[in-house]
Amino acid sequence: MQATAEVKKILSYYEGENPGVKGKLCQMLMTGKLAGTGKMIILPVDQGFEHGPARSFAPNPAGYDPHYHYQLAIDAGLNAYAAPLGPLEAGADTFAGQIPTILKVNSANSLMSGTAAKNQAVTASVDDALRLGCSAIGFTVYPGSDAMFDMFEEIVEMRKEAASKGIATVIWSYPRGEGVTKEGETAVDVGAYAAHIAALLGAHIIKIKLSTDHLMQPECQKVYSEQSIDIASLAARVKHCVQASFDGRRIIVFSGGASKGSDAVYDDARAILAGGGNGSIIGRNSFQRSREDALDLLGKLTDIYLGKA
Amino acid sequence: MQATAEVKKILSYYEGENPGVKGKLCQMLMTGKLAGTGKMIILPVDQGFEHGPARSFAPNPAGYDPHYHYQLAIDAGLNAYAAPLGPLEAGADTFAGQIPTILKVNSANSLMSGTAAKNQAVTASVDDALRLGCSAIGFTVYPGSDAMFDMFEEIVEMRKEAASKGIATVIWSYPRGEGVTKEGETAVDVGAYAAHIAALLGAHIIKIKLSTDHLMQPECQKVYSEQSIDIASLAARVKHCVQASFDGRRIIVFSGGASKGSDAVYDDARAILAGGGNGSIIGRNSFQRSREDALDLLGKLTDIYLGKA
Amino acid sequence: MQATAEVKKILSYYEGENPGVKGKLCQMLMTGKLAGTGKMIILPVDQGFEHGPARSFAPNPAGYDPHYHYQLAIDAGLNAYAAPLGPLEAGADTFAGQIPTILKVNSANSLMSGTAAKNQAVTASVDDALRLGCSAIGFTVYPGSDAMFDMFEEIVEMRKEAASKGIATVIWSYPRGEGVTKEGETAVDVGAYAAHIAALLGAHIIKIKLSTDHLMQPECQKVYSEQSIDIASLAARVKHCVQASFDGRRIIVFSGGASKGSDAVYDDARAILAGGGNGSIIGRNSFQRSREDALDLLGKLTDIYLGKA
Amino acid sequence: MQATAEVKKILSYYEGENPGVKGKLCQMLMTGKLAGTGKMIILPVDQGFEHGPARSFAPNPAGYDPHYHYQLAIDAGLNAYAAPLGPLEAGADTFAGQIPTILKVNSANSLMSGTAAKNQAVTASVDDALRLGCSAIGFTVYPGSDAMFDMFEEIVEMRKEAASKGIATVIWSYPRGEGVTKEGETAVDVGAYAAHIAALLGAHIIKIKLSTDHLMQPECQKVYSEQSIDIASLAARVKHCVQASFDGRRIIVFSGGASKGSDAVYDDARAILAGGGNGSIIGRNSFQRSREDALDLLGKLTDIYLGKA
Amino acid sequence: MQATAEVKKILSYYEGENPGVKGKLCQMLMTGKLAGTGKMIILPVDQGFEHGPARSFAPNPAGYDPHYHYQLAIDAGLNAYAAPLGPLEAGADTFAGQIPTILKVNSANSLMSGTAAKNQAVTASVDDALRLGCSAIGFTVYPGSDAMFDMFEEIVEMRKEAASKGIATVIWSYPRGEGVTKEGETAVDVGAYAAHIAALLGAHIIKIKLSTDHLMQPECQKVYSEQSIDIASLAARVKHCVQASFDGRRIIVFSGGASKGSDAVYDDARAILAGGGNGSIIGRNSFQRSREDALDLLGKLTDIYLGKA
């Protein structure tokens, strides 16, 4: 499919990248109902690792079956489906070529003790992504964790290998750990910093959380005030994070967090759109609803990004 | 031997896997008295590592000789025999081709101090498995241990290498360590989580312990109650763990623990069968009995899985 | 362009080095308004990592865009532009061949907790430098940190690889950590030691901070007094650090630190020139000013090194 | 030399092993005065590492010269001589082909502080063994140490490499460290466990200490009593350890410890013979005597194993 | 140049070594005024790492220039010049082939905090030694440090690589760290142990400090008294350390420590000669004097080893 001008402009920002990687970014941007708009909705299903099977899938038990999520992403016309090794393998053949996939290559879980390092385990490889026909690898970093440098070094190595094999890299940049307060995890100064770090590390797609108007770092409280950085509205904060992502030269998508009412999900999307973000990555708010409700919600969300709602 | 429809269905679930690995799974599923049923009984003898020689073999001293276990597994018509490097090597030539073997590639022992990491040592390699003609490697992970991420990264690497060489992977997923209480080690929420983690890591066969109706994680107590997840009977808990294993798309077998009366062993098997599990992995309850008693017990167990008892 | 006698003399000091590396040093020394003089001004933009995006770029928001810095370095006629992977990639194609670039291959950030090791993460590779057409890699070591030996071993390995691929190495030698007091970080005995360590490690270009007349090490207080080492003026201290850099056989440039008034910047440069240093590496004092002001300041600085101001 | 039936039987136990390794075992079993009997006496000289030069060699200063030990082993008609890299290198040419040698590839020393890990350093490689014409590598593990898993992983790797190059592996299995009491280091339950662990790890020859009738592990106190395991005499304890070594399918030799009277050494040997052990590994009790006394003692010891004394 | 009988005898002790390494030892033994005598004087200049530039070179500022030391070693007719990577590179071309060089491949420094591991960083490689035409690598181990096993494993690896490439290995064996008292660092029992450890690790040339008559280890106090080991004079202690170096089968040189009066330096040399040591490695006592004084001192020292003074 002929790429649109908007998509071509986005691809042009990846100046250092080879055609293999650009082709994968193009594939994701040209898939689904948002194809060609430069906007994206991604379905991530790694909550089985993070929270365990029952907390993830009992609200909608169809989700215990990995095939369910492939099909949901396809039927909702999303841009991509992201999951760990096991679930991707469980549907790799049945759904081959029908939806771009992102192999989540590291993971944490909620059985970790308080003394465990704030880290994740690398649970899949670039060659697994190749073998399963994935468009990208996904990797979480925890800026602020005492393990953050190890995580940075891991993703830098994997990103290099992935790019050399024509696979794109999505970085989940989630502040967490010894250097970050609980409130700071969603503070806007920390969120913008997290986006910037992902960009500096060479992410092709940046994934961060939506942020509050809290400022965690004392030096930032001073600078944000002196320079009058607008962080009053959610849209303004999205805009600030987009700016921190090389002034819009990197694709940035936002996650919504725990499941909540549909209207809150729509409001988030409108703010992302208004702030110049590229889209939503939406897990529990889709697969913990019934399939029918999820398709409704994702349809409405798509309409928002299409400017129709 | 022509694979049965049941076995073919099971093999079809391993969508991402190559024919080499599927062939090994087929070999185990098509061996012994349960051949073709999709059910399995495996004899594991790694207690020499875990508990030392006297505690393992003094009750039935014939078991000091590694040949004894090969012969027992063959004579009882089991699907496979699992052991560490040394014992497999001690009979590899005598019993070549007569029973599928699983090389247990990591091990702990009871000389570990309280300050030692809750971990295991990697004590054999994929190439050892190839050299000894094994069908699979077996690897233990301890979800909840502060060393769990290291263990995950080890098995992910070994699984990748094994699969590339046409060898299947069995994951022993045993909750243990800093993040898990003693009671939590067999709690059903933790057990289902352990099964799910093994599946996410790419296990071809999942081995967990039978669980109690205890719920360790506070968030799970809430969810299990709200979603009315049935955990009242052992069969219901088996069913829940099967669901957590990609809704039945992965082979899951259950271990019985310390030696106990035959009736208790039979009751376990009936619950596993009723809950949709794939079978039993049964060590001390077989080799710590006399050979005659063990053959009786394993025969009866086989009959249960065949629906004859 | 024909190298000047001054540049040829400098290159002759690198006796152990291959023509590939010497060619890259020559390229940097023969670029910009200071071409051929043996003096250098380098623009480093790694503050996004160190201090985050808002603290770095909000004072002059044009700097959020990586293209801004490439263009500033070119328009100011500097010798080279240094930055981490992400920003270099964002302009690698647009500015290919127009300005020598230095890939900063390790980085820290201000989200680190007090318990984190005083270290940096390796965030890019020598192959990235090759791929992006860079002239050199840049690496920070923290003499005095308990992680210093790890950092030394990392740069020794990377320097070896870089040299074998015809790429030069710049070492940022910044005393910091458990073995250094706050005042000691800029003490002249520690600064000269830091320069010497960089030289011993095989740096082609040494980057240190300008130092105060404080002496941190008791043994040094004794020696500096006994041997009447002149550390009274900034120029004398620069001269001492040049001496510590193999008596002038290695290129050494000085960084200016936090943004300050233009006159202070000029005074620094005059002292560097007087003391025999090779130049300035000047980040926040250039890119946090408006483009116009920055070009003014850099022009004046160039004139100082040309002996015109 | 034609191998005896006894040696052929022993070799037949190594079912998983290649002809190269079996050839080396055969070489050691067919050398010296005990050739063909299935019994062995080995001279180990690694006390220079463990206790330093003066404590090791001052009682018989001829032993400072590495040639002394080669010659002693040859003249006494022993099966093999074991030493670290340096001493083997110092005589490798002079004594080439005259006595099988075992390269001790890891070592500890008595300058270790109380805070150091209970571990050893790997001080030689399999390729060194090849280069020096050795028959085997020797490696110490400390079951019970918090570093034991690292040691297990090291020897498993080295054993694999050694076997692939036709070199046999001797494991010194010496309980020590955080999980073992002082009395427990020579307790019979722990000693049998140590022998079993060496066998599980794939040792071709197991070396343990002679044990006392102490039982360290509470679970073992129970089992040994319930199962009436005979540990009353030294011979009975040897027999128990032989049983723990795959019921006699692995060669097991015993070390005597600190120097003591000749009669005590003879009594040990008689117990080893009676219990079915394969022989003695005897260091300080030989080389700390004068050459004449040592030859006397080793001659008498040989006679005991030949059933002549 | 035809090697003398004395040199040929020394070379014959290196039985396990290849002609490449023996050639390098021969080269060092056949260079300078002591050529052919089996004695050596080596100039080591790594104090810039250890103590920093001012403490090392301010007493004789000509030493800031790396060329100074090359020339001093040549003009004094020494056997070899040892230094880290940077300084060797700074003169590698000018002095190529004029003096054997030893690349010091690991280094510590005095900015280390009290909490840092008692270790050194590996700061150069065997390939660097090849590239720079060196005869040997030099490596420091700290027997008694909790990091000693890591250091042993590093040098064992590097020695193996160096030997395979025809380069000799010099081990600086300097007791230090948690297992050694301050007085123990130069105790004769510890010094002899340090020499023995270097020999066991495969050093071709051993470098230790001259020792006092202190005995640190209680077990040694007992043995030295019982065995009447003569440690009364410096010459006797040198003789004991030579004995600990495989009874004279390894070259051993002694370092003099901090700068001191010429007579003390001469007395040390006479004791080394009388005790059968192979020579001196003398840094601060040569390069911290004026060139004229240094040449005088080194000339006198040479005469002592030639038996002329």
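Chains: A, B, C, D and E, in written order; residue numbering restarts at 1 for each.
Following the convention adopted for this analysis, a contact is a pair of C-beta atoms (placed from the backbone, for glycine too) under 8 Å apart; a residue touches a chain by one contact, two chains touch by 3 or more.
Please read all numbers here as calculations on a predicted model, not as lab measurements.
Of all chains in the assembly, those touching chain B and also chain C are A. In summary, the chains found to touch both chain C and chain D are E. Here the chain-to-chain distance from chain A to chain D, counted in touching steps, is 2. By the residue-number overlap criterion, the interface of chain C with chain E counts as different, with under half of its numbers used by both chains.
For this pair, chain A with chain B, the centres built from the Cα atoms lie 36 Å apart. As a whole-number value, the distance joining the C-alpha centres of chain A and chain E reads 58 Å. Within chain C, no positions touching two or more other chains are listed. Chains in contact form a single ring whose order, set by starting at chain D and proceeding to chain E, is D, E, C, A, B. Considering their complex, residues 48-49, 51-55, 58-59, 61, 64-66, 84-94, 107, 109-117, 119-125, 127-128, 131-132 of chain C touch chain A. Within the complex formed with chain E, the chain C residues making contact are 13-17, 143-144, 146, 148-150, 152-153, 156, 160, 175, 177-180, 189-190, 192-193, 195-197, 199-203, 217, 219-220, 223-224, 227, 229, 240, 243-244, 246-247, 249-250.
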